[in-house]
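Input: one structure, supplied below.
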Amino acid sequence: MNPEIETFPNPKPGRKYLITHINPEFTSVCPITGLPDFATMTVKYIPDQLCLELKSLKYYFLQFRNKGIFYEDITNLILDELVAICKPLEMEIISEWSFRGGMRSIIEAKYIKE
Amino acid sequence: MNPEIETFPNPKPGRKYLITHINPEFTSVCPITGLPDFATMTVKYIPDQLCLELKSLKYYFLQFRNKGIFYEDITNLILDELVAICKPLEMEIISEWSFRGGMRSIIEAKYIKE
Amino acid sequence: MNPEIETFPNPKPGRKYLITHINPEFTSVCPITGLPDFATMTVKYIPDQLCLELKSLKYYFLQFRNKGIFYEDITNLILDELVAICKPLEMEIISEWSFRGGMRSIIEAKYIKE
Amino acid sequence: MNPEIETFPNPKPGRKYLITHINPEFTSVCPITGLPDFATMTVKYIPDQLCLELKSLKYYFLQFRNKGIFYEDITNLILDELVAICKPLEMEIISEWSFRGGMRSIIEAKYIKE
Amino acid sequence: MNPEIETFPNPKPGRKYLITHINPEFTSVCPITGLPDFATMTVKYIPDQLCLELKSLKYYFLQFRNKGIFYEDITNLILDELVAICKPLEMEIISEWSFRGGMRSIIEAKYIKE
Amino acid sequence: MNPEIETFPNPKPGRKYLITHINPEFTSVCPITGLPDFATMTVKYIPDQLCLELKSLKYYFLQFRNKGIFYEDITNLILDELVAICKPLEMEIISEWSFRGGMRSIIEAKYIKE
Amino acid sequence: MNPEIETFPNPKPGRKYLITHINPEFTSVCPITGLPDFATMTVKYIPDQLCLELKSLKYYFLQFRNKGIFYEDITNLILDELVAICKPLEMEIISEWSFRGGMRSIIEAKYIKE
Amino acid sequence: MNPEIETFPNPKPGRKYLITHINPEFTSVCPITGLPDFATMTVKYIPDQLCLELKSLKYYFLQFRNKGIFYEDITNLILDELVAICKPLEMEIISEWSFRGGMRSIIEAKYIKE
Amino acid sequence: MNPEIETFPNPKPGRKYLITHINPEFTSVCPITGLPDFATMTVKYIPDQLCLELKSLKYYFLQFRNKGIFYEDITNLILDELVAICKPLEMEIISEWSFRGGMRSIIEAKYIKE
Amino acid sequence: MNPEIETFPNPKPGRKYLITHINPEFTSVCPITGLPDFATMTVKYIPDQLCLELKSLKYYFLQFRNKGIFYEDITNLILDELVAICKPLEMEIISEWSFRGGMRSIIEAKYIKE
């Protein structure tokens, strides 16, 4: 991927506060069947010096629309890429997938700055 | 801003109890597009000597109706201003924003008196 | 107020167990406007030697129907009066008020026996 | 008002089908108190030759943000103006207002072409 | 009763449209036990020449707060009094009462101008 | 059964209005297994000269608590007995039963005066 | 199939009343994939001389547990078989199926005695 | 479009029954902005001689994933194409779109065989 | 009471796992008024060597159907009796009662093996 | 049982993240009555080196469709078998069963790697 997510300076860098962005329109493609997958993708983070710019975050998610990738991979990939870009104190990605074969799945991955 | 929020003496200053005010009719303006934003704005605090007067709190929130300001800024600004006025033992501001571009956001900032 | 709440002996005084009474029909009067206020009033407590008798508790709440009193006052007053009567190990009063001026409020006060 | 709502040709003019647009972010101002009112504003119509363009409809609704007008007036006014612009076979406006003074109101007005 | 409900001229007298006012904070007193009753009281009407003014309608409902009256009586009484005042084309009163003795009741009465 | 349901004169006999009483605590006994059945029992009627008195209706329902009777029988029996007592213009009994053997049942019977 | 559904005499044969049985635990097998299907199966009918016995109806539904059959077939088959057994005045079968391939289906078939 | 939706013979052609397929994972592209749109797409029909095969219907809907088309167009187009393929007695298409610009839309189009 | 609740050997005695049984059809009698009370009765426990057999637990609860006993007594009594029978590592009884006099109550009692 | 659940390498083995699979279509058979049981079966785990492959997990659950086994047994058995196969850092199985005899049960068992 070549994410170009923009950031802006945290307006209150000394305070540990929580930002949550919820995208119920996330969609990617199953790498085995080629059929689309649908998820609610949630980003929760405590910013350090940078905040994620909302519009570019939307375009970042749009890049997955026709990309084949597994649930576990995508959740960890998004966490890694967003952490690399905005260097937060903490970040959690939660992907909640719609029913496939009578089952539904949720993947939750968390990063804490050491 | 020039907030004129009134306070009244805490009727039970020795007890640490929790007051929550929930305003589902908060609206401000996006500083980039000029379009209105809508949020449920929640104030939770443990009073020390002063309590927030409810009617003046409503008028304080009304001042943002035509003001251009970002989600992260507004949440921290309200926390700073309300803390300055009523000097609580603890206070938390939670702003839950409606959908924009298929996504919705929540900002949660907390103050604890040292 | 002149509350005459009855009590009965705790049937299991050696066990720390939790009793909750929920009254969604609480109403009092705003001391400024004279207009009625409505709340769900919840009493949670761990009894020591005495339990609150339910019917007299209902009549106690009825005394506030035409009384002018503020949210923060009433919640702390009920906690003080009920603690004085049944001397619990712990007690919490939660008052959840209906919308006034586009906002709604919740007050939560707790007592723990030392 | 000076509404400049755009229209586009109905893509299936021979079929009587129903279009519904729901705006939960409508806000205007009470002409007596000067305080804001909030509503979910719904437009339902069966087009004849013209359809309402969605983005200009949004800007039309935004014009009411700082305008003082009563519930009954605004609902009938919007119906009159939208009927004049897109000349539908049928149109209904439903405005569902949030709580004021412990009460909430709904106004429903309908037009049928003769 | 001595209701002094104000009216204002219907802004669109030629159109048959529906106005609904919903009051979830209605309370009266049971004439037998003297205990309070609680209801959601709904007024739906198609105005002719006059509309009900909302604030005076609220004060009209407040008159029942300490009045002893039965469910069936009160619903028909309110219908009669509101019809007499605003002379609508149609009006319906729906009172939905909270639980008493493990049961809850709904009374619905309608007037149609002949 | 020996129902002694009281009635009182309809306060508005000339108007066809609807009265609904909902009892979510109805219980009887299965005549085959001897195990209890549970239902929400609803009475809807348009009174003629008489209304059902609510407290005696509650005691009438209590008589079924330890009585063995089938779903279809009980619903028709209650309709017959209540019609005989208050001679309404119309009456409907709806019994909604809880799960038995993985299934739940609803019986709806209606009477219209000829 | 060899359904052996029992019936019993309608206790109120002169009255047209509605009986509904709801089975949220219906399961059969897809004839193509061999994988199980799940549905809420609802039977609504107005009895003539006979009523469906509930326990035998449950066992009738159990016969489909390992049977391969399509949604449209099964719904019409159950309607035909139940009509043949209890000869109702009217009967409707509604099968609401769980998600398969991101879609869910509902089949509704009705019989009216001529 | 080049839809290749398969059909199968209606198993009960003499009976007018209703089939509903609900797809909450429909997505297409806005022809102006190039951004994705999301909808719940519902097909309701009374079959004549042919039924829609479910898997091919899913693939038909997938063809719109990267296609730019307006709400009103797509709903009427799907109705036209599905009617042409399975020649039903009646068919209705309901598309319920997610929020765009603070508003959401529903389009409902119906065909009845003459 | 003379409870004859059966037990069976815990199939996994070395693992601390949680078993919950929820009975929304619990009913007893108020010892003062003689009127029935209704509750959802929940048993949560971590078994040691024995598990509660579900069918005999149901019959145990049925014994309270016509017994007069207070909320606080019954909850503690059930906890004492079930602990005596299956000797769990931990057990909690939660009784949630329906509305009486406009209020509802919840009693929660817990046992932890020392 | 002879489960043949496939696994794949954890794509992010150094991070402790949570995977949840929810199957609301689980069904087995009561070993006493021979009647089917229904549950929502949830698997939550923190993977170490291996992840559970979703499709084979589905087929694993299908093996219980006609197998007679008790609630407590099945929950512990699934936990043991899945732990043996994918050797997670932590795993929890939650089975939530539908109503039987007016009661419903939940079994929750957890494994933590030592």
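A, B, C, D, E, F, G, H, I and J label the chains in the order they appear, each numbered from 1.
Definition applied: a contact is a pair of C-beta atoms (placed from the backbone, for glycine too) under 8 Å apart; a residue touches a chain by one contact, two chains touch by 3 or more.
Being a predicted model, the structure only gives us computed values, none of them experimental.
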Chains contacting each of subunit B and subunit H, listed by label: A, D
Matching chain pair for B-H (criterion: over half of the contact pairs shared, by residue number), options E-F, C-D or B-D: C-D
Comparison of C-D and G-J by number of C-beta pairs in contact, larger one: G-J
Inter-chain centre distance, subunit B versus subunit G - centres from mean C-alpha coordinates, in Å: 56
Euclidean distance of C-alpha centroids - subunit B vs subunit I, Å: 45
Contacts with 2+ other chains: residues of subunit C: 24-25, 38, 98, 100, 102
Every chain pair meeting the contact rule: A-B, A-G, A-H, A-J, B-C, B-D, B-H, C-D, C-E, C-I, D-E, D-H, E-F, E-I, F-G, F-I, F-J, G-H, G-J, I-J
Subunit G residues touching subunit A - in the complex, by the definition given at the top: 38, 98-100, 102
Complex contacts: residues of subunit G adjacent to subunit F: 10-12, 15, 17-25, 47, 51, 54-55, 57-58
Parts of subunit I lying in touch with subunit C, wherever the complex brings them together: 70-73, 75-76, 100-111
Subunit B to subunit D touching residues, read off their complex: 24-25, 27, 35-36, 38, 62, 65-66, 98
